[in-house]
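As written, the chains take the letters A, B, C, D and E, and residue 1 is the first residue of each chain.
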Amino acid sequence: MGPNLLANYGEAVSAILFCIGFTNLLLQTNLIKKIIGLNIMDSAIYLFLAEKGYIAGRVAPIVVNGVTSTEAYINPIPSGLVLTGIVVSVSVTALMLSLTIRLYTRYHTLDLDEISTQLKKEGR
Amino acid sequence: MNFICNFPFFSILLSLFSGTVCSMLPAKAAKVVNRVVIITVGILSAILLLYLLSTGEPFVYWMGHFPAPWGNEIRAGVLEAGMALFFCIIMYLSMAGGAHKLYGEVVESKHNLYYILVNLLLCSLLALVYTNDMFTAYVFVEINTISACGLIMIRQVGRTIEAAVRYMIMSLLGSGLLLFGLCIMYDLTGHLLMSNIKESVSLLVANGEYQIPLIVSVALMCVGLCIKSALFPFHAWLPDAYGYSTVSSAAILSSLVSKGYIFLLIKIIYRVIGFDIFNSTRIIDVLFVFGLMGMIFGSISAIRENDIRRMIAFSSVAQIGYIYMGFGMGTQAGMVASIFHILSHAATKSLLFIAAIGLTDVSNGSRKFIDLTGAAYRNKWAGAAFMAGSLSMVGVPLFSGFISKLLFSQAAVQVEGKMLASLIVLGISTVLNAIYFMKTVIRIYTPVKESSYSGITFREMKGYAVVLVCFIVLNVILGVSSQPVVNMIEQGLAMFA
Amino acid sequence: MIILTILIPFIAGGLVPLLPFRKRWQMEVFLETAVVANSILVWYLLFHHSDSTFLLAHFTGDLNISFRVDGMSMVFAGLVSALWPFATLYAFEYMTKEKNENVFFLFYTLTYGVTLGIAFAANLLTMYFFYELLTLVTVPLVMHTLTREAVLASRKYLYYSLGGAAFAFIGLIMVIVYGSTTDFILGGVFDPERIAGHTNVLLLIYVMAFMGFGVKAAVCPFNSWLPQAGVAPTPVTALLHAVAVVKAGAFAIIRLTYYSFGTDFLKGTWAQDVVMVIVMFTIVYGCSRAVKETHIKRRLAYSTISNLSYILFGAVIMTPLGLVGALSHLVFHAVMKITSFFCAGAIMHQTDRHYVHELDGLGYKMPCIFGIFTISAFALMGVPGLAGFVSKWNLAEAAVESGNPLAWGGIACLLVSALLTAIYMLSMMVRAFFPGKDFDYNTVSDVKDPNWKMLLPLFVFTIFIIGFGLFSQPVVNFFSDVAKGNV
Amino acid sequence: MYLILLPILFPILSGAILLIFFRTSLKGNEKAKRKTLVIISGSLLVITALLTITALLTAKESFTLFYLTETLPITFAIDATGTLFSLLAVIVMLCAGFFSFAYMKHEDHESRYYGYYLLVFGVLNALCFAGNLITFYLFFELLTLSSMPLVLHNGSKEAVMAGLKYLFYSLCGAYAALFGIYFIYRNSTTLTFTAGGVLNPSTVAEHGSFLLLVAFVMILGFGVKAGMFPMHAWLPTAHPVAPAPASAVLSAVIVKAGVLAIIRIVYYIFGANFLRGSWMQTAWICLTLITIFMGSMLAYREPVLKKRLAYSTVSQLSYILFGLAVMNDTSLTGGLLHVLAHGFIKAVLFLCAGAIIYTTGKTRVDELRGIGKEMPLTIWCYTIVSLGLIGIPPTGGFISKWYLATGSLKSGLPILDVLGPVILLVSALLTAGYLLPVTIQGFFPGADYDYGKLEKQEPSKLMTVPILIMTVLSVLIGLFPNLITDYLTAIVSAVL
Amino acid sequence: MSKKRPAAEYQKTFAFHFFRWLSGVKDPYLDEVEMHPQKEFQMDPEAVLRHEKEHDAILDKVYDPQRNMEMKLFRKLYHATSIIFCLFLIALLLVTISWLPATGTIDRPANNEVAKRYIEKGLEETGAVNIVAGMILDYRAFDTLGESHVLFTATITVLILLRLNKTEKDEAEISDRRFEPKNDAILQLVATFLVPIIIIFGIYIILNGHLGPGGGFSGGAVIGAGLVLYLNAFGFKKTERFFTEKTYKWVCFFSLSFYCLAKSYSFYTGANQLHSVIPKGTPGAILSSGLILPLNIAVGLVVACTIYAFYAMFRKGGF
């Protein structure tokens, strides 16, 4: 264990959340739960990024009163990355949801394993 | 700055913009636009390649008004331009070869959406090839993923949708890991541009700082990309996705999409982490082992398969194993072999997919081997093309597969510890390849006594036949005059550093 | 010139389906002319060759496709080109009963070119290239009858051959990497500095490559394709699976052993012991299976398996004398086995009988065929005065001379095999000539000898067998020159 | 010069011609056809015999026909040993040949039989005249191949099987011998038969122990032909099914080829000095003794006459081999003498059995009650030679056995020097036990025998005369042994 | 004294066989030489067909997890390994994080010259008060361009998946009417108040994207939410009056085209060191910071439409 675990408690939480999301995405057979897992995972990364951008005692990087000094603001880059990431996440979620709808209307179940079993039965 | 230096930017923007434009166009027009864009981009890349070969210097191109650490950049070297050109060729041929199937498998009203996706896919591939910025890469990886998913499920049967879901899940896992690794990397270096990260990384390594996070970050990125490119244990989505989507999609997916990720991985290895630093980690051993396992298990699954398309899909798993084995050797030669195999496999696999569709078409659309008996006589061109592709896969001299095998083996010999393992697995894998490909070839060349299937003549499929011939020629060119290509790859890799 | 000899069969073969032959004899004349002309050309080349290498194409780097005539090439090319015209003549007659002749003769003639390509290859890569090509052009021949059996057989043949080539390929790579050149040089091309410290790995690779090429030479345990491939028409089985293809495997192993890896490097190592044990086992195994087999052609195919390992046995003794033995058996066995296969083919053609137990009483009805068959059987057994004895003598002498106790054991294997050869060949002859007390000769009353197209090759081969048996000295002298590198 | 070739080539060629052309070229009725055939074959046989004797008398130098390879000449030379065997061959072949003219009446494919018979004759001559090991080996194999058709002549299933068995056993032996030849070729100065051996002294020092093994393998190999344990099993299978004259030739001459082969390699290639006292000699003697005892025992148990005689051959041949194996002058003389004695005796025995079968069709010993009354001449001959085989003085058998026993005793081998004579003695008793019942039952069928059924049915002259001639010869050997022993001593002193 | 054994038993013994061989009656090897004919290899083509069909049927069963124990086991194993993998991943990440530079401190690699320049020169170079907006729409505009196309791509895929044909659409509409709320008085009343406020707020966010927190995406999402609320309250009939697929298409097309072209211009001039004609304006003013405002508007439009489109698609597969 390194020296900064306690200092990085926010990142630690995000890491745990990431893994929870990851496992959900990997293991849940229910598609909706999978999507929730996906969102947890993405959010964990945003949390991580936000933590990384934070510098104690400084404000968001919106120029107030024309003060353009480094000492005043936090790092703007992670915030930008988070913004981009959110859009990606939204898109992907929408896509996953629509796939789920499609599968549900066809097979009347959200269980992916069941769907594949049905597929294999009808398929060959 | 030479005007030609704008070409990478033009290619990306052109394909991106054409995607938007296509959304307003009817299917026919969208098709034309799509073709024109691919050809144009191809020509641009070719010119760029020639230009780069003549100058011998890579260049960076600001995306905006700000230079390296602040603004986005793209970068073009020989390898990038060559890849772009090659991707265009393959994509054009795949689209042309599978065009006639699109009408049967996709609702007419959604054709233009299909072309949009292809354009966007091309755009994302080009961006992945040219980008010099990690975060840009991430964004375009996502475009790539989503559009690939769209390509899979454009043919809406249950299987493809299920496959698309599985594909998305695996891809998202991969993206998540990639992004997480990226974030850690950013935290360690404070940069997002590849060249800057590399400087910082080498500094960190030299100072011995942050060793564990560095390695973990690299590992996360690698695993993410491996998952996305369907390396062996993560290939569950692949057979259905490749096997049931419409044929152009299958060809493009297998030969380009996964290759795009792999190319990104190469860029990360060379341009972000540094080849030597990467090789000093244990990651290459892991890649090596999984590559070998992929070679074997992919082939074994392919042998057990009873469906020609799925068989070819499983063969992709094996071939991706080859590529990762090349990475795993951790030498320049191995890398060259891997890149050559990217080319050779792309050329061969799309040929196989497109030839397979010709064969299934003359067998009442059935893809089971028993129905394919004698299909090569009913569709001679497809039969010949399938045979050529198979021979290439098996590694018969004259075809590209032989050269990549040769390069792999030569590379393997130079790596003391991994030589035997890789050579033996190469041998076994060739045997397995021979088994399932040659089984199919013999099957399609076995005539049936009373045929209830109708044949197809050359007149009815001129375009298709031409595409097949082009593919074969491409394959043979790669197989016979491989030296220039290999030189180019070496030159390109040198430019990476 | 060299390239011409390879190209003529290609062109002639390619023209067969294209040219509009009205009648069958026109095609026959055309093909026979082409083949004979090519053979003459080859022989001319053998006597008037230059040492220069003919470069055809560059692959990558210093890997190229090039051709050269050296001693080994002369042996193999001479053998192939001597046998091919006769075999073609025989095939004309045999194929009257089969369909799709055009395709058959197309590939049949192509194979000629490819085999010559193997013979004339100047480096390992070229040989490998033609070796793979050989597999591909012969598969349609095996598949010719298109029965399910044939398809399965050709599949197996293809898997085995390509798979074997894959392992041989590893050997090729080793030679590329550790050798100073890939050209064939008697004594090997390994660079002593480069191989230092890699000896064991190289030996392992040698064993693998040996087994790889050995697939074509039907080394146990990779031999089961050969009997199965017997479903092909007899000219194919005879020429390809007794001469061209399998001999190409043996040829390739000799090239690999003597001209690429080099005997100095291999001799006395565990690798030599391993391959020798494998070969010895195959010798005995092939014969035992032949004894148990009742289908004539398959029985002969098993016999081929065993005899091929004789050649390999000579090769792995790894002395010049061993090479002489190997070469002499390479040539003599080709003649003997093609004769016996043609006899079997003639029997099948004339009577449609395929099994040993159906041969009863045919001996006196087809005296020519069975007379020749008997002579070839005696030759295979190694009766002194016939070709087989000489080659076995050379092999055994090489083994004795090598002083390797394992090789002495190999002699025992040779002799056990000779005994088994006697069993499986002579039990056929006895059946044919002494059918038993109450055999009804009416059942074979309409059987007679085939016509001249079949008999002519057989008589010629018989003369060869006896000639080689009695006056082998010039040939053997030539072989020893080859083995010493004087040619 | 070429004279030496004539007795070889003439029968071979004439036999081949007979085989190839006689089937079709003869027209006319069966009887005339047969008559022609018999006359032709008979004359050919006589000519061959004459040629052989001429060659024996005149040709003295060796003659090389051609070279198989540079170092492998096909050479013929006549020496004393060869002459001995050749004489035996000529006499037995002639007698049995004439016997068969009568006997073969009731068999098919006569021309085939005579053709192969002549072939065998030629090959036998060649074998006796062979000047070096390669030539010898060549004709040894040819002998097997050409004599096989004689065995399977009658074409029944058993005959064919027996023929194949004979063939494969012999080939097995021949190949074992070939194994040795390969090594000898390397380790000797020449392959030409030279009294006292041709081994290269330097290599002997180096590979001595291995060469002993080689010698043993070769003896085992050639021993197959000579019916030595453990490869004797072909004999009892082959003899009963072959035609009687063929059995006679087989048993009297062809198996002797194995003996000749062993003499050649032991005394002319390896040399007795090299082998004497080695483990190989001991093992060999043991094998011969086992064979002697076993053969006699088996014969004693056997009810079928021809098979009984076959076992007897197994046993008797090992007498000879025993003599060879002991490797001193006395025993060797005894062995060679037994070659002649056994040759004549066994030929007579088989011919008698053939005559019995021909006339009465009886094969089992217990069917032969009163046979002496029916065909007294035959049975008398049988009885006389039986006594010879048992070793009752003054027959040839007695003398040879005497030599064998004394040789053994004088050899100084531990245990075996006494064991040998003991086993010889036991075997002699057994011999009496299996041979004499025929005589006893034949002449004294017992009180309850029905003499009414008895009718005299002596076979034809063509049968009885050969039997008589050989009976006389066998008796002569016993009566005037010195003539022969002198001749043999010359041979023995040369090789030892 | 030995007991006499029955013949049948005796014939099985080794001694019996040995004696037979010894006396030359029967050879154990050679007498097997003359064999009976083997059966010729023949495969019935129908049998092959049947075989393959059976094979398929078996495969079906194999894929049924209820019946296939192997599959069940595999599943369990898979889950177990996955959980272990997850725990391993957590541990790995925690270890990694413990080695990372501490949060909130200044002397971290991330706070380097890049961030410095963005903060110090951002205002001057981009004209945007909101440094993040300036960064993503000017410094790193290529990412953002890609990002908006991610959304576009996602819309296209959703269209592919969910857009219905004419006939299907009618059915969907019927079922939509049956299941979805409509003419709910409370909802309609609240919506009448809220929707304009939401939309105006959204517009405000968009327009102030370069001045304060906000921007095209967030504003667009707010507007989209307003539209969705409107739709829920008043149903498709009302919305179709002003918002159809065509509208959506054109809006998207124009916005994205504008985005593309504008950025292309900017990139091109930037890369070729040409002077860009677009004025920066006064920092802080509404019409300032060059292209950022128009781009925000374009993005806002796209996002608003897309959010609405997603909802409509999910609900009934069309507008």
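Operating definition for what follows: contacts are C-beta pairs under 8 Å (C-beta built on N, C-alpha and C of every residue); 3 or more make two chains touch, one makes a residue touch a chain.
Here the structure is a predicted model, which means the values were calculated and not measured.
Q: List every chain that touches both subunit B and subunit D.
A: C, E
Q: From the centre of subunit A, which chain's CA centre is farthest?
A: D
Q: Counting only C-alpha atoms to place each centre, which chain is farthest from subunit B?
A: Looking at centroid distances, D is the chain farthest away.
Q: Relative to the centroid of every protein C-alpha atom displayed, which chain's own C-alpha centroid is closest?
A: So the chain nearest the centre of the shown protein is C.
Q: Would you mind telling me which chain pair, A-E or D-E, is linked by more contacting C-beta pairs?
A: The greater number of contacts lies at A-E.
Q: Taking each chain's centre as its mean C-alpha position, how far apart are subunit C and subunit E in Å?
A: Computed from C-alpha means, the inter-chain centre distance equals 59 Å.
Q: Using mean C-alpha positions as chain centres, tell me how far subunit A is from subunit D in Å, no decimals.
A: Each chain reduced to its C-alpha mean, subunit A and subunit D end up 101 Å apart.
Q: Mind checking the centre-to-centre distance between subunit B and subunit C? Centres are C-alpha means, answer in whole Å.
A: 43
Q: Mind pulling the residue numbers of subunit D that touch at least two other chains?
A: As it turns out, subunit D has residues touching two or more other chains at 164, 168.
Q: Please set out, as single numbers or ranges, the residues of subunit B touching at least two other chains.
A: Subunit B, residues with two or more chain partners: 135, 139, 142, 146, 149, 153, 156, 161, 180, 186-187, 192, 212.
Q: Identify all positions of subunit C at which a residue touches two or more other chains, and write them in rising order.
A: Within subunit C, residues 423, 427 contact more than one other chain.
Q: For subunit E, which residues count as touching subunit D in their complex?
A: My answer: residues 21-25, 27, 30-31, 33-34.
Q: For the complex, which residues does subunit C have touching subunit D?
A: Going by the criterion above, the answer is residues 364, 378, 381-385, 389-390, 393, 396-397, 399-401, 408, 411-412, 415-416, 418-419, 422-423, 426-427, 430, 434-437, 439, 469-470, 472-473, 476.
Q: Can you tell me which positions in subunit B touch subunit E when the two form their complex?
A: 1, 5-6, 9, 13, 16-17, 19-21, 23-24, 61-66, 69-72, 74, 107, 109-110, 113-114, 116-117, 120, 123-124, 127, 133, 135-136, 139-140, 142-143, 146-147, 149-150, 153-154, 156, 161, 180, 184, 186-192, 200, 210-213, 216-217, 306, 368, 370
Q: Provide the residue numbers of subunit A that touch subunit B in the complex, in ascending order.
A: Where subunit A meets subunit B, its residues are 2, 18, 21-22, 25-26, 31, 34, 38, 41-42, 45, 48-49, 52, 77-78, 81, 84-85, 88, 91-92, 95-96, 99-100, 102-103, 106-107, 112, 115-116, 118-119, 122-123.
Q: Spell out the part of subunit E that touches subunit A in their complex, as residue ranges.
A: Touching subunit A from subunit E are residues 56, 59-60, 63-65, 79, 82-83, 86-87, 89-90, 93-106, 110-111, 114-116, 118-124, 129-132, 135-136, 140, 143-144, 147-148, 150-151, 153-155, 157-158, 161-162, 212-213, 215, 217, 283, 310, 313-314.
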